[in-house]
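In the two complexes that follow, subunit A is the common piece, with subunit B as its partner first and subunit C second.
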Partner chain A sequence: MSLQVSELKVYYRTLKGDVRALDGMTFGLRDGEILGLVGESGCGKSTLGKSLIRMDGRMRHVGGTVVLDGRELPIGDDRAMNEVRFREVSLIPQYAMSALNPTRKLRRMITELLRSRGATPDLEELERRMSQVGLPREVLDRYPIELSGGMKQRMVMVISTLLDPSLLIADEVTSALDVSTQKAVARALLGFRESGYVKSMIFVTHDLALTHHIADTIMVMYAGKLAEKAPADVIVKAPRHPYTKLLLDSLPEVGVRYADRRLEGIAGSPPSLLNPPTGCRFRDRCPIAGEQCAEEPPVAELAPDHHVACWKA
Partner chain B sequence: MLKLHDVTKEFRVGAFGGRRVAAVKGVTFEVVPGEVVSLIGESGSGKSTIGRMILGLNPVTSGSITFDGLPVKPGKEYYRRVQGIFQDPFSSFNPVFKADRVFAMIKETYHASVPAPQWAERVEAALRDVRLNPGQVLGKYPHQLSGGQLQRLLIARALLLDIKLLVADEITSMLDASTRIDVLNLLAELKARGLSVLYITHDLSLGNYLAERTVVLRKGGVVEMGPTGSVFGDPLHPYTRELLSAVPRLHEPWDDAVPVETCLYHRKGGSGGLYEATPGHFVACARLETC
Partner chain C sequence: MRRYFGRKLLIYGLTFFVAVTVNWMIPRFMPGDPVASMVARANVTKPEAVEAMRAYYTSLFGLDQPLWQQYLNFWGALLRGDFGVSIWLFPTPVSDVITTAVPYTLALIVPSVLLSWVVGNQFGAYAARRKLLDNTVLPVGYVLTAMPYMWLAVLLAWAFGVILGWFPVAGGYSFSMRPNWSGAFLLDLLHHWTLPFLSLFLVALGGWAIGMRNMIIYELESDYSNYLSALGAPSRLIRRYAFRNAVLPQITGLALQLGVLVAGALVTEIVFAYPGLGSLILKAIQNKDFFLLQGTFLFIVLGVLIANFIIDIVYVVVDPRTRAGMAGAQA
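Here is the complex of A and B:
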């Protein structure tokens, strides 16, 4: 196991009380595995990604542990995490457009960045990796503003993985891109794993179809908890959790027309995490909810590697 | 109803506006009553510029846009019939106004003579049409509502006017998969009642779900247009094929587009550089830039 997260609880502090964005998440990630993390807005997927690298001021680590390659990460301690960041855990942020320093040419920016981490810049290696994602070396002598959105995104990907981190968190990296650029970026991520630049990856997204193409395992989250986790094919072809099923049913695909087949959304909206309901959190929107659902369903391993948190699954 | 004829838009760029960049080049198409047309293109294809020109927010450089035979004239009469909704519902609303105020402004500007109780009824009916519970949304500030609720509020606002055409510019891009489909179904229902929708998107599957006709744009020009079934089912232009092959699908592997070596429609003619391959299905020359 490359990464083992146990009973992780991260709350947001607000004036009204704690928002329980992550409420007891337990999962593991093997070496070389790409985990796709999907769910609606506000389900805690970005919080999980952030917790593993840097918590912002409002977030509080309430309980649980994160172990990476046999070493516990001090995720609640911002300073202590400095040593690990970028070397062991790295992040491709959602807004690559604004992640680059606009006042520096890229070559200088990267050199400064690496020095600040105590690493010697290896420009040959950098250029090799850039060509792998289809960026010419001349890009290094440009300012970020001279690059297109897709180029910036790929540049950020190269920079974040320069120190060969063990775990890479890709937070909605493709959501601002066009379909053809999206495909190139997704393929580049797969290439990074093959070349051994990163060992394992958490790919946070709301696009199930895209996740299916690049992830080995898909984890579906709902209201701060794990709903279902299984190999990508199993999630798409044989989901067990009612939420996963409804989510899949609401996806429009090329070839599906309103006139032929009407897709349905999921009625209602996710519960507020300020005072989350007891029992199963999906209960109110679930078509098959019963009396048992007033109790919280445990995460059960129904088949090897197929974890589901539902009484009815 | 809405007709675009050879519409071109140039923006001046550079230090003193010395350089001109053509964002839209010779676009010609039409939207008839009760029809959903999707305008598909990647960033920089000019799709939003076309939407803004139809709404009268940007003037056209050359060519003409007519609505019911009259040129676009921004003003009360025009906006009574044509309305636009944009991508980000959180920035479309004034954060210090409650939702009711949005409707009150419509009343003041367009329906000043309607008595208040009757107006309240109309607002409630419009909200129910977009499947919102009036009690849940009226009297709330925009930050208290979800993205899907806000987009539906904007549609309800448009319904209070006698609109004939709705320009929907990426209205579902910021919504969750489950809410997105609700908004799309709503547009389809309104279409059944005679509303025309120009659905601007970069997401091919959404355009495909809703529209009767599809217009594919690339670098400001139309590369292919026709009935949605034939554009998606039998794409003729290599760019359309490339786009389709890049869309991630659940049950099929990502395939690589077959590059088209020779231009199939080179100088076959037709109006506006488009060749009519099958009735109603137009395609541009694949090497338009060079030939």
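Here is the complex of A and C:
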């Protein structure tokens, strides 16, 4: 196991009380594994991604541990985490388009960043990696404003993985891109793993279809908790959790006309995490909920590597 | 790049033309007759003599010609560097009167504007990350910027000049001294310069500090700062980037504020009877001295335009985005 997250609880501090964005997440990630993290907005997937590298000011580490390569990460301690960031855990942020300082040429910015982390800039290696994602070396002598959106995205991908981190968190990296660029980004990420720039990866997204193409394992989250985690094919072809099933049902299929039957979404909306209901959090929207669901379902391993948190699965 | 500066120069040229025209118009449409007051000052009682003097002065200043002719003459003289003859200090040429006043005004404005900008930016950037400093500097900054220049000037003159007696309250140098390059005279100059400088410096300082504090906070919360923090970059590097980017709007602010700052300096000079352009303007108005007023205004307009142009150039140097905009974007 390269990454082991146990009972992780991260709450947002608000004036009305704690918002339990992550409420006891447990999962593991093997060396070389790409984990697709899927869920509706507000389910805690971005919070999980942030918790592993840098919590923002309102987030509070309430409990649980994160162990990476046999070493516990001090995720609640912003200063202590600095040493781990970039070298062990790195991030491709959601906002890759605006992640680069607009008033520095890229070569200088990258050099300054690497120096500040005590690393020696290796320009040859940098250029090699840039050409791997289709960026010409001249880009280094430009300002970020002179690059297209897709180029900025790829540049950020190269920068984030320069120090060969063990774990890479890709947070909604494809959300702002058109379909052909999405494919290029996905291919580049797979290439990074193949070249050994990153060991394992958490790919946070709300796009189930795209995740299926690049992830080995898919983890579905609901209301701050794990709903189902299984190999990508199993999740798509034989899901066990009713939420995963409904999520898949709400995706349009290629070649099917939805003239007679309207594409169904999932009725209702996720519960407030300020005072989450007891029992199964999906109960109110679940078509097969029963008496038993008033009690919280444990995460059970139904088949090897297939974890489901549902009484009825 | 050349097109950009060409366009800028055209705009500055137009501004200059309009400013000069307005400048020519204002004294002429002001109520009162300067020649009459000059003649009156001469205390002549004989009507023929009065008439002769009036005719002489009127033709001397070219006031007997039609307005459009006066306007053209004005431009012609201007291009020859001739600002005319002062009415108040007749027959000293206006350019001489201005030349004696300009060093005082420049010595007051340039240091106070630049120093308040630099110190204010540093202070604001510093306050943005110290809670204690933020809670003390900011209210003080608000009070300072809200103060009118001349009011602060009056307060300073009263406190440090009248009550404490540390500084003189009027003049550019002591009456007992003649201008020369001796150390004693320079020290005396500095002594007289301190209070007017302070009142200009303090008022501007508060504004720059507040602006910088807000900009720094904005920059520190921007995406590139977050990205650098996520990659574990030390806050020293992030703050350096943030400061550099936050300074850009402050430069624009400086360009916008320049006119206001100069106006403030002129009023402050009047409060301290400082022998600069501000006091000169007051005297020129009191004596209906068209030519002096025109010359002084023209000088100020030119100064502000040149300063703005310099800021434009600086901006192009420090912000690559303006340069990219000039060249046209390339993906």
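Keep this in mind: the second predicted complex is superposed on the first by the 310 of 313 C-alpha atoms of A that agree within 3 Å, B and C clash if a C-alpha of one lies under 4 Å from a C-alpha of the other, contacts with A are read in each partner's own complex, and residues count from 1 in each chain.
We take it that contacts are C-beta pairs under 8 Å (C-beta built on N, C-alpha and C of every residue); 3 or more make two chains touch, one makes a residue touch a chain.
Keep in mind it's a predicted model, so treat the numbers as computed, not measured.
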item	value
First, second, both or neither for A:248, with subunit B first and subunit C second	first
First (subunit B), second (subunit C), both or neither touched by A:125	neither
Partner chain in contact with A:91 - subunit B first, subunit C second, else both or neither	second
Which of subunit B and subunit C A:258 touches, first, second, both or neither	first
Which superposed partner A:7 touches (first subunit B, second subunit C, both, neither)	neither
First (subunit B), second (subunit C), both or neither touched by A:208	first
Footprint of subunit A on subunit C - complex, ascending	222-224, 226-234, 236-237, 241, 244-245, 248, 318-321, 324, 329-331
Subunit A residues within the subunit C interface of the complex	53-54, 81-87, 90-91, 93, 95, 98-105, 112-113, 116-117, 143, 145-148, 151, 156, 159-160
Contacting residues of subunit B [partner subunit A, same complex]	42-43, 146-148, 176-182, 184-185, 188, 202-206, 208-210, 228-229, 232, 242-244, 246-251, 253-254
For the subunit A and subunit B complex, residues of the former touching the latter	40-41, 149, 178-183, 186, 206-210, 212-213, 236, 246-248, 250-258, 262-266, 269
